[in-house]
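Order of writing sets the chain letters: A, B and C. Residues in each chain are counted from 1.
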Amino acid sequence: MKDIQLDENGRLRHLLTTEGLGRELLTEILDTAESFLPVTDQAVKKVPLLRGQTVVNLFFEASTRTRTTFELAAKRLSADVLNMQVAASATTKGETLLDTLETLQAMQVDMFVIRHQSSGAAHFFAQHAAPGVAVLNAGDGRHAHPTQALLDAFTLRRAKGDLTRLRVAIVGDILHSRVARSQIHALKDLGVPEIRVVAPRTLLPVDVETLGVQVSHDMRAGLDGVDVIIMLRLQRERMGGELLPTGEEYFQRYGLTPASLRADSPDGVIMRPGPINRGVEIDSQVAYGERSLILRQVTHGIAVRMAVMAMILGTRNANPEVHGERS
Amino acid sequence: MKDIQLDENGRLRHLLTTEGLGRELLTEILDTAESFLPVTDQAVKKVPLLRGQTVVNLFFEASTRTRTTFELAAKRLSADVLNMQVAASATTKGETLLDTLETLQAMQVDMFVIRHQSSGAAHFFAQHAAPGVAVLNAGDGRHAHPTQALLDAFTLRRAKGDLTRLRVAIVGDILHSRVARSQIHALKDLGVPEIRVVAPRTLLPVDVETLGVQVSHDMRAGLDGVDVIIMLRLQRERMGGELLPTGEEYFQRYGLTPASLRADSPDGVIMRPGPINRGVEIDSQVAYGERSLILRQVTHGIAVRMAVMAMILGTRNANPEVHGERS
Amino acid sequence: MKDIQLDENGRLRHLLTTEGLGRELLTEILDTAESFLPVTDQAVKKVPLLRGQTVVNLFFEASTRTRTTFELAAKRLSADVLNMQVAASATTKGETLLDTLETLQAMQVDMFVIRHQSSGAAHFFAQHAAPGVAVLNAGDGRHAHPTQALLDAFTLRRAKGDLTRLRVAIVGDILHSRVARSQIHALKDLGVPEIRVVAPRTLLPVDVETLGVQVSHDMRAGLDGVDVIIMLRLQRERMGGELLPTGEEYFQRYGLTPASLRADSPDGVIMRPGPINRGVEIDSQVAYGERSLILRQVTHGIAVRMAVMAMILGTRNANPEVHGERS
């Protein structure tokens, strides 16, 4: 894993997973994101760092919201952005995924932001990418969603300062969550000493303890004394089926409400990736309450994505010969 | 109404409706549009006024043509533009519309151009928008479509000079038309002394006279001596149903043809918002005839939208602290 | 044909077909493309030639890949690009195609890149375009696809140097191929002395010899001694129907495999427009083999499209009065 994400000088070349990045590089990403935060807060929200470079949003899974965050990040770095929504049916076989890659990189693209329903799709792209072409994983199957985990770590560091004393609870559908996996890898490497996963048995991977987390099936016990609660998104279509009771029952047991909040630390914070699912896993009052960091996560998401893009592509305009290697 | 559209200095902050804007501000918009008209006529059709600002086209109703006019206007002001087509089904409740707003403005967006099938959607956005975020209504339900009304007023002023002596007839589906409402408010405030609405009873609101217009159900009488004929678009799906006779019958009674044109003033002009509906409400010969202003309306639409965007956002690059208030 | 594509000084005004362009102008296009090739190979892949000009990709036929190549070319010339995907059903009649043209050019667009399922659509646009508006044909029905033919000629000239000694075989569905027609016209005008078409009778136009090509129904004979093999794309939906045997039978007779390759010249090259159709008309090994120019065609496609756009629009920023003629 580590090799393919880094170049021969140990610098970031692709971003596929938070696993194995290591504390130093993770910290460098967060520090770089810190430097981009003021950019998006000023009137001219633009720096010329990636001018004339081409970023392709290649989305095999539709997600307007996520695509938008990468598009904004790239545009605020002055890159040219191309959005391609590809029907997964058109590229079911590995070979044709390769054809897509080969064709697009023949157009002298600099970076692919790829989202795909199959775990490993981003690695496949990175393995076959030409020397000058970078891959940024925007979510692959149940595997990884590294920029989401990075923006969570960034938000947590800004809110809490020191990560090495925090107790974190991740609540919800751990089994299907690429976000949870990426969070656990990033937070552990950044020194978070205690991570708990809180979920019904049916929504936990069988070997979840091997990730170095504690397991709880009870919301009250799971949240007891934690400093951070991360609520995962729950797919409604999984409700009332084999894996789960009905929506109301689930919300009563694992929903985040003012009542369930009483268990955590009094200055505990609440985070949540992606769009809000009112009444499914989080109460509206809590979602926009004073302890919620949800909207700050969105703002930070742009800065973190800018940071990753800039770390990978940003040295090219200064050192054009790096890129010249390609053809 | 007035308060929310203006800032504490009486300057345009949002554009939601033409109602209550007042003659002075309406005139300022038209004058500003006048200054942008040469921009789109030169080879480099671009000014750097909104460089580094982000405009989001948030369309809950699909309309490629309308979206294009706002996209062009924003790009010609050098803004970064994001197009988001959102399925209305995804956001049926007011709360989730709020989630969309909160999430997008957390991405440090500067302006929403919003089109929505529900009357009041743009106001809802404006009421909940953060201090630095502006809302431009691109059509909400049957309520308002202010930029269309402004470009019509602009086109009329350019063609006729003095608006205070004109007799205007608006023909067609007044009942369902957000355009007609916005036109009536704008033209009355700009001093047009006589506005007639010409339509069958079934396509008129019951209290239409309260808008200060005269009502006619007969095309010949309605167009008698008018200087301006504005033809509204008629939805084909309403034809031959409860509200309307068949298409041919409607066209015979309310269609604009060389014959029905004989009633108006000899130098009368013809206008029409949006795409042409040949043979439904306007004869092709008339639509592209020498008295038609239809294509000029399209050209002016870009200038008017640039004017509104520039008036709302254009001072930020010069005074960055205005924007800094937000977070 | 010739007149409408050229202005009064014999310079390119529209690009609709390669037919009748003549060797001098074709060569000028290829030479201009040569000058753009280094642009896309450097870190800042952008020149300010079309800054402030507006290019509209108006696609009545969906084709993400093709649209992308034009979008990239225009963006690398610094133009503003608008993508419009139009349902063909919305504009079935010639009149409404005219409405689309009239409305969009009233928005002060500089160039339409148009793809349409009807032969002649691009010519129709060019005939009715305003003085300052250019039309670039991105494929119309079975008629023409000139930029594809030009990038093929460009790729061939780079690979082989002298075109006047080459034997070229075009293999596959000539009957439905706008690409084949455009290739034949371009290559003949550029001096290619021998062009063969290789296909079953059912996939050849009845009068194909009038194009100045030799006909073969046998792959081995058709490829005998050729320097260039161009494989056309075959629509799977035509397989196993009236025109064709099943896919396997077709591939056995007309597919390009290491075996069928033995007939051609030992330094023969292989080309193929558009996306790869593995196992339908070309073996994967051959497609990415050392004699394949397929990926170079993609790269050259951007440079050729930049060249055509720059030749048509590039003098405007220097001579703004040229454009001023319009309104």
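Just so we're on the same page, a residue touches a chain if its C-beta (ideal position, glycine included) is under 8 Å from a C-beta of that chain, and two chains touch if they have at least 3 such contacts.
Keep in mind it's a predicted model, so treat the numbers as computed, not measured.
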Co-neighbours of chain C and chain B - touch as defined: A
Copy pair chain A, chain C: interface residue numbering same or different (half cut): different
Chain A-chain C separation of Cα centroids, rounded to whole Å: 40
Residues of chain C touching at least two other chains: none
Residues of chain C that touch chain A when the two form their complex: 40-46, 64-65, 68-69, 71-72, 75-76, 275-276, 278, 284, 288, 295-296, 298-299, 301-302
Touching residues on chain A, where the partner in the complex is chain C: 51-54, 80, 82, 84-86, 95-96, 99, 102-104, 106-108, 316-317, 319-320, 322-324, 326-327
